[in-house]
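Given below, in the form of structure tokens, are the structures.
You will see chain A twice below: alongside chain B first, and alongside chain C after that.
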Partner chain A sequence: MRILLLAAAALALAACVSVAPYQRGYLARPDMAFEPSAGTAEALGKTYSAKEAASGGASVGGGGCGCN
Partner chain B sequence: MRRAAAALAATIASLGAAATHALEAGSPLPAITAPRLAASGAPVSLASLKGQVVYVDFWASWCVPCRLSMPTLDAMYRKYSSKGFAVVGFNKDVSNADAERFLQRVPVSFTLAQDEKDAAAKAFDVKAMPSGYLVDRKGVVRRVHRGFTAETAAELEHEVEELLKEPA
Partner chain C sequence: MAATERDGSALAGLLQAALALPILVVPARAGAATVGEVGFTLLGYKEEGLMKVTEPVLWGDAVIDEKWELSASGVIDIITGASPQLVSNATGKPVQTITGASINDRRRTYNVKAGRRFGEFTFSASRAHSEEEDYLSHAFGLEARWDLNQKLTTLTAGYGKSNDRVRSSDNPALDEPRYTKEYLFGITQVLSPVAIVQSSLRYARGQGDYNDPYKLTLTFYPDAPPAFLPDTRPSSRDTWAWTTRYRRHYPSSDATLQVDYRYYHDDWGIDAHTLEGAWQFPLAEHYALRPALRYYTQSAADFYSPTIPRPTPEILSSDQRLAAFGGLSPSLRVIYRNDSGLTVEATAGYVYNARTLHFGGGGSEAFETLRAYYGLFSVSHAF
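Moving on, here comes the complex of A and B:
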């Protein structure tokens, strides 16, 4: 009984909430984006990989030839 | 102890029960009453629209396709309202100020309603933004449009024309 209650409590504590499509007012805000400015991020990424003489690592694997 | 366990079980069960079935074609129009958006007057009652062809639309200022759907629905409403076509737009913005800013850029003449506590959205079980429910004169949902493109607009106009021909 005690174990059951503990398991139930653990389940109830899980902070998983499904957000309905009509409740995405806050999530749709531009400052909620993973990358608010795609252009700036791309430019920074390119500069970074040129300075480091290596590309990749941030997302997909790449060589260290510096040919970017 | 046993009572606490029962309460917990009930909480968990209610979390699962939130997933209801989406409203599809063939279902009766839910009898929803909601306050008007940015206007005084009697609350909007869906049941009172029986006898008309009704398009119930869920929209928000943050919903990108709504920038196309709202002016399109407004044009359709102006064209067919004299023949018995009504449009009700349930707003899903977090604050009414957001909705009003949107409406200043995209003014519409059809009925707009607030959806307090998501009552209408839950009754329709809205699966996408925007979602539109085309209801015939008998109060039966005949077509559900999820999302909105130029194609949807053309389809919807044809469907409205067909439904307007049907007797009440």
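Moving on, here comes the complex of A and C:
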């Protein structure tokens, strides 16, 4: 229920935001990407999850491994 | 003045990319029939006194005719060294002991993903395969993305399934299944011309064999014969991971703040928090520096114990990855990026996991401090 409320609040906030297309140059910078380098994200993500109980992020279908 | 013109030119290029592509797609040159990036990453990871991992990763992604999105990666893990197998209190208190031959394992994995845009909607399917001597995984994923609100908001829904086989290099007879279904809902929102946030909730339900075939517990009692127990865990695991990522650029200093937070919860009794912050700023022409700090803390699983209590429980694991502990991991990355699309990154990092770093104190007494170093080298080319 809390998640749904948060999602509703986020959508309501979204409706208030106005950023014209010509203002989006900074958003396209590589350092603004959520995963700037796929290789780095994959290598580090697996390294940490092999030593910790927590795993999982913002994607699905990655499969498992014997490391944890 | 020259620097200002250069910055302005670069910004104009990025602006074109932003106008042409949805916000979740990597920036690339607008106007080309095919845009994308290919790269190679090499990870070297070394634990003090334990294992060593070398991991080459080959990856790439492309957008064709602004309709098709393709991405793929291939990884080989080369693992050597020693891994703790037995937790025993023979010396008076429970400690990890390394038994048997040292590890020499290779894991090969690949991921492919293809998507097709239909106006505001993008549908994609992915396939992953991972194979090592003692573990096999086949997985697929389906994802739907909806760009709305003039591409300022993106909603994502995903479903994934993984069919795995748990094996053991010590026991050829072991071949047990593990099935996992995953569900994902996410939202990405542009907050301003310089800020963007993404929040995703992933739920996964797994069933099958979760026992670690290499972990054992041996406990001596002062008034009874010793007890010996293989690692025995529940046959299912429900996990929730709520991940939020925030990016904020500061044009006056040309620097970018990157903050990631993940809350994790599962029905084994584990709650974990991961917080990572990074600050990327220009160092010189084409060069940037990115210092980062990652903090991790987790509570112990309900069935974690470094010793076998009496009466002997049905499920018990002394694997210290299920203990209560925390970790700090600082890293420093140097990034070189030129105007022809070449990017070279070098990262040095340190991992320090200890019971004293558990948030609020109360880390598991038997947790043995882990110290590890890693280096990452990555080269990629955008086209």
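In this text, the second predicted complex is superposed on the first by the 36 of 68 C-alpha atoms of A that agree within 3 Å, B and C clash if a C-alpha of one lies under 4 Å from a C-alpha of the other, contacts with A are read in each partner's own complex, and residues count from 1 in each chain.
Definition applied: a residue touches a chain if its C-beta (ideal position, glycine included) is under 8 Å from a C-beta of that chain, and two chains touch if they have at least 3 such contacts.
Remember, it's a predicted structure, so these values are computed and weren't measured experimentally.
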| item | value |
| --- | --- |
| Which superposed partner A:Glu52 touches (first chain B, second chain C, both, neither) | second |
| Touching partner for A:Ala38 - first (chain B), second (chain C), both, neither | second |
| Greater residue coverage of chain A in the superposed arrangement, chain B or chain C | C |
| Touching partner for A:Gln23 - first (chain B), second (chain C), both, neither | both |
| Common interface residues of chain A - those touching chain B in one complex and chain C in the other | 11, 18, 21-26, 28-29 |
| Residues of chain B defined as touching chain A within the complex | 1-2, 4-5, 8-9, 11-12, 18, 58, 60, 62-63, 92-94, 98, 115, 118, 121, 126-129, 131 |
| Chain A - residues contacting chain C, complex | 3, 6-7, 10-11, 13-15, 17-19, 21-34, 37-40, 42-44, 46-48, 51-68 |
| Residue ranges of chain A in contact with chain B within the complex | 1, 4-5, 8-9, 11-12, 18, 20-26, 28-29 |
| Chain C residues touching chain A - in the complex, by the definition given at the top | 11-12, 14-15, 17-19, 21, 23, 26-27, 39-41, 43, 45, 53, 55, 57-59, 61, 71, 73, 75, 77, 107, 109, 111, 126-130, 132, 134-135, 137-143, 149-150, 152-153, 158-162, 164, 166-167, 178, 180, 182-187, 189-194, 196, 198-202, 204, 239, 241-243, 245, 247, 249, 251, 256, 258, 262, 264, 266, 268, 270, 272, 274, 280, 288, 290, 294, 296, 298, 301, 321-322, 327, 329, 337, 343, 345, 347, 351, 353, 370, 372, 374, 376, 378, 380 |
